[in-house]
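Just below sit the structures, each encoded as structure tokens.
Two complexes, one shared chain (chain A), two partners (chain B, chain C).
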Partner chain A sequence: MQKLGDFKLPQFFNYPPYFTLQPVRDTREKQVQLWKELILDYCRTQKIFVIGLEEEFPLFSNHLIERSLSNEAREAFLSVLVSEGRAEWLDRGHRKCLILWHRIQDWADILLHFVRDNGFEDSVMTVEEIRTGVESRGTELHGIDRTILMRALKLLEHKGKLAIFKGTSADDEGVKFSV
Partner chain B sequence: MSTATTSFFEPASVTSSGRPVLHQAEVECHLLSPVDLETEPTTTATTTINSLDFPALKSGLGILTTHRLLWLPSNATTDSSSPISIPLSSVTHIFSPKKSIKSMFHSPRIRFQVSMHSRSVVVTLVIRGKGDIDGFLTKFWDCWRGRAWEIGNDSGGGSSSGSVPVSGSVSGGGLYSSDGSVRLVGVSGILRKEQEMWESTDKSLQEAFHDLNALMRKAKEMVILAEKMRQKLLSGSSSQSSSGNDEEMGSKEEMQDWLLSVGIVSPVTKESAGAMYHQQLSRQLADFVRIPLEKAGGMINLIDIYCLFNRARGTELISPEDLLQACSLWEKFDVPVMLRKFDSGVKVIQNKSHSDEEVFARIKNLVSKPEALRSGITASDAAMTLGIAPAMAKEHLLSAESKGLLCRDISPDGFRFFINLFPEINSDDIHIELFSHFTQSAIKCQSNLDRPGFKVALRRDDRKRAIQKSLLGLFCNGWNFQPDSDTDPDPGLSSLTLFCVRWNDTDKASSSSAIHYTSTL
Partner chain C sequence: MRRRPGIGGLQTAAAARDQYRLLGDNVAKLRTDLMKEQLATFRSQLEDFARKHKNDIRKNPTFRTQFHEMCAKVGVDPLASNKGFWAELLGIGDFYYELGVQIVEICLATRPHNGGLINLQELCALLRQKRKSDREAVSEDDCLRAISKLKILGSGFEVISVGKRKLVRSVPTELNKDHNEILELAQAQGFVTVDELERRLSWTSGRATDALDTLLDEGLAMIDDGHRDGKRRYWFPCVSSISTSVVSDI
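Here is the complex of A and B:
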């Protein structure tokens, strides 16, 4: 079984046509489906939030069979993820892609669970504390991408579950939970 | 009706595409359509002429050749009349056209007397459509007086004896030159200017035509010479077959092929066919392509046919435009060939009976071979297997791809095709599926490191599908497999031998790891 770090690669990863964008519709649909699942799976296990198209991404090339995805193919697969709400382009030029292996709504739910589990219902935390603090260690929130976290927090703020305010330092913000 | 028609006139044979079958050295000179052929018995001839002997031959195609006058029904499928021919040798007199006021309102007619089977009739050719009647009449006279049938018979006998007779007394041998109706620019335009110069002096004009006639006769000699060479080669190869080496034989056969393929004796030309040029060209092409098409396996590139066809026509070349038009006219005729356009824009000629399924089956066979499973196939691989041109093979591969049979792999190595496994890939996890199938079966691995392969024993209740899926799982993980026989594993199969080759490495180390891999299952 071929591995990428501690990630088990699927069987078809050694199938050379998997790395060429297929022009025939049915074949392409299946190929896109396989790539979508693989990208989400890989990002979830490896805690990868952003894929840069111009940067080296281990999943997009297979040294064993000497194949790698073209930029066109990379953009095509990521675009499908974007259209299904499982990713977002971070820039207009489609060079950086934010991968949402949990949707924003799901991240918000995870956040609420975290708050309830730790008894933070009426507490105040900074955004950085949530991302890197001792409390979040061992949970999915640990090391979460700031952009995604802010989006989840804004969603909850909109629902009245918390309030975001400017913190003392310019680069951090505070969160007042009121679950 | 048709039997009655043949009672006086000779029947004419036509090809499947409706072109007349010409005799040796017979050349078409003029075509007219539509024409009627009316017959009236002469008063001096036999008194009892059954009207059934001369049925009305209405609105057909009139073809004048150097040897015969042919009448073909315009639509062979619906018309009950069958094609007939009148040998020019049996024409005893051609009447001069009557100039009268009455004739101005009539369709133009050409009357001539024919005597065959000790009977004599006057035949009237009624030209219903617009056509070059004067031109036709001139040609008619030329051909009749040319007595080409006599020359043909003489030279046929002469080729075996070795002497080439040239009858010097013939005045009307020139077929394409005497009417001077050149309507082209370029080289032809220069020729026309030349001709205008000739016309200034009647005498030099006569001389010029004399030269052309001599040239025509020389051309005939050349044909006879070519025929003789072919005969010599044929006899030579049979006598030396024991001593001559294969290469020599090969080149001789090739030479024979060339000589054989040189001749379309009577190419359809704009001059002879006039308005029916494309229609007749189309029919002639349909007859011509049959042999090359057979050799090429039922499909041939349009460009190849263009070259072959023009080479066979010799000097009467056609333009690509004409060829395309001739091909596109096939839809309207009942011919066994058709023009096909691939998605990529490549145009080919193929038999109507040609089926893609057969080609696909062969391609599938090719890509299922162990080597092809591992590294795919290229267009030239397919070309070699299918025995066709690489460009054509690529078209087949692309259409097989669009059918979902193949998928592509573009890499620095080039453009390759693989068998399409995408529909078979179970995205959940093949590994688990493979695992369950193989553990349900009693697995016995027989290691044989000399031959990278191992035997898997499967219980009888294993379904064919399950076996295939298991094999596929192995394949997707980088192993190739080959069942015991070339056929699919059958449901009652008790064991399979798998030859395992890992993608990009085929050494013994990998085969030992192959065995290790399955035994962990």
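Here is the complex of A and C:
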């Protein structure tokens, strides 16, 4: 089994035609399904939040069989993820894609668990603390993409579970939990 | 004295005929009894044999094949009915029904990948993987037998020969001679190109493209435009072993 770091690649990754967009509908559906799962799995295990279509990305080429995905194929696979709520385009030109291996709602739930587990029910934290602080170390929140975290926080704010306010320094925001 | 025709003469003749018929019936009955006896003996011998070698028949695929051949020669089909004596004695009916169900499962699971056409060898390998816990070995002959039982269901299961290999078809695709030749050629490397078909089979490019398009539509082929030489390759998952591992991932 071929590996990328500690990530086990599925067998289809070594089968050349999977790197060409298939013209027949049924075949393409199967192809898209396999790629979708692979992209989500890989991003989850490697903690990758953003894929740039024109940048080097380990899954987009296989040197062993000398194949790589065309831009069209990359966009096609990611578009399906977007349509299923597992990704979002970050720009109009579809060049950068935010990967949501947890949906925003799931991230929000993880955040609530984190708050309860650590007894932060009435505390104040900065956004940066949540992302990189000692408390979140070892949890899924550690190193989370800022865009995703802000989206999850806004969702919870909307539900009245917390309030976001501007901190003293201009580039960081504070969060007051009221779970 | 010449006998005159009369009632007495007719009666004598009729009596004689009755006697002959009685005798004939007796002889026929004797023969039938003898035959029945022989058949009973034969049957009990076959039963004894089956009973004695029950374990061999169940455990040893080669022995099982030979037993099947022997039964076929004397006109006994141990798989004919699951309620019959043979099934009860050997449990062999259940064995093949179980195989049949598992074969259907494998064919369905791999269909998105191979378009419903699978290598017999590969099918067997997957079957063994599926039955890992089961010590009884499964041979290709067993697969073929189980598939032949599936035909009764009218589900379109069929075994076709392409070149030296046997492929199991689980979708009602009509493969013509051209398609078979392509599959045979593809067995070497797993793929073919239009050029190759023109060269090796002396086809026109129209004929080659036409046949390949049908195979694509049926989900039996996949295109690959990624090779350096820029020539489109047509891959056939049913002849290369990639799907074995793809399925085990699912």
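Rule of thumb we're sticking to: the second predicted complex is superposed on the first by the 179 of 179 C-alpha atoms of A that agree within 3 Å, B and C clash if a C-alpha of one lies under 4 Å from a C-alpha of the other, contacts with A are read in each partner's own complex, and residues count from 1 in each chain.
The definition used in the following text is that contacts are C-beta pairs under 8 Å (C-beta built on N, C-alpha and C of every residue); 3 or more make two chains touch, one makes a residue touch a chain.
Everything quoted here is computed from the prediction, not taken from an experiment.
With chain A as the common reference, chain B cannot sit beside chain C without a clash.
In the superposition on chain A, A:F12 makes contact with both chain B and chain C.
Contacts of A:L64 after superposition on the shared chain: chain B is touched, whereas chain C is not. Look at A:K30: by the touch rule set out above, it reaches both chain B and chain C. Legend: residue contacts after superposition of the two complexes on their common chain; A:K154 is shown touching neither chain B nor chain C.
In the superposed three-chain arrangement, chain C is struck by just one stretch of chain B from 186-194, 222-230, 456-464 or 510-518, namely 456-464. The interface of chain A with chain B overlaps its interface with chain C at residues 10-12, 14-17, 19-20, 22-24, 26-27, 30-31, 34, 66-67.
By the touch criterion given at the top, residues 1-2, 10-12, 14-17, 19-20, 22-24, 26-27, 30-31, 33-34, 37, 64-67 of chain A touch chain B in their complex. Taken together, the chain C residues at the contact with chain A in this complex read 112-113, 115, 191, 216-217, 219, 222-228, 233, 235, 237, 240, 242, 245-246, 249. Within the complex, the chain B residues that touch chain A are 375-376, 401-402, 404, 407-413, 416, 418, 420-423, 425, 427, 429-431, 473, 476-478, 503-504. Of all residues in chain A, those touching chain C in their complex are 10-12, 14-20, 22-24, 26-27, 29-31, 34, 66-68.
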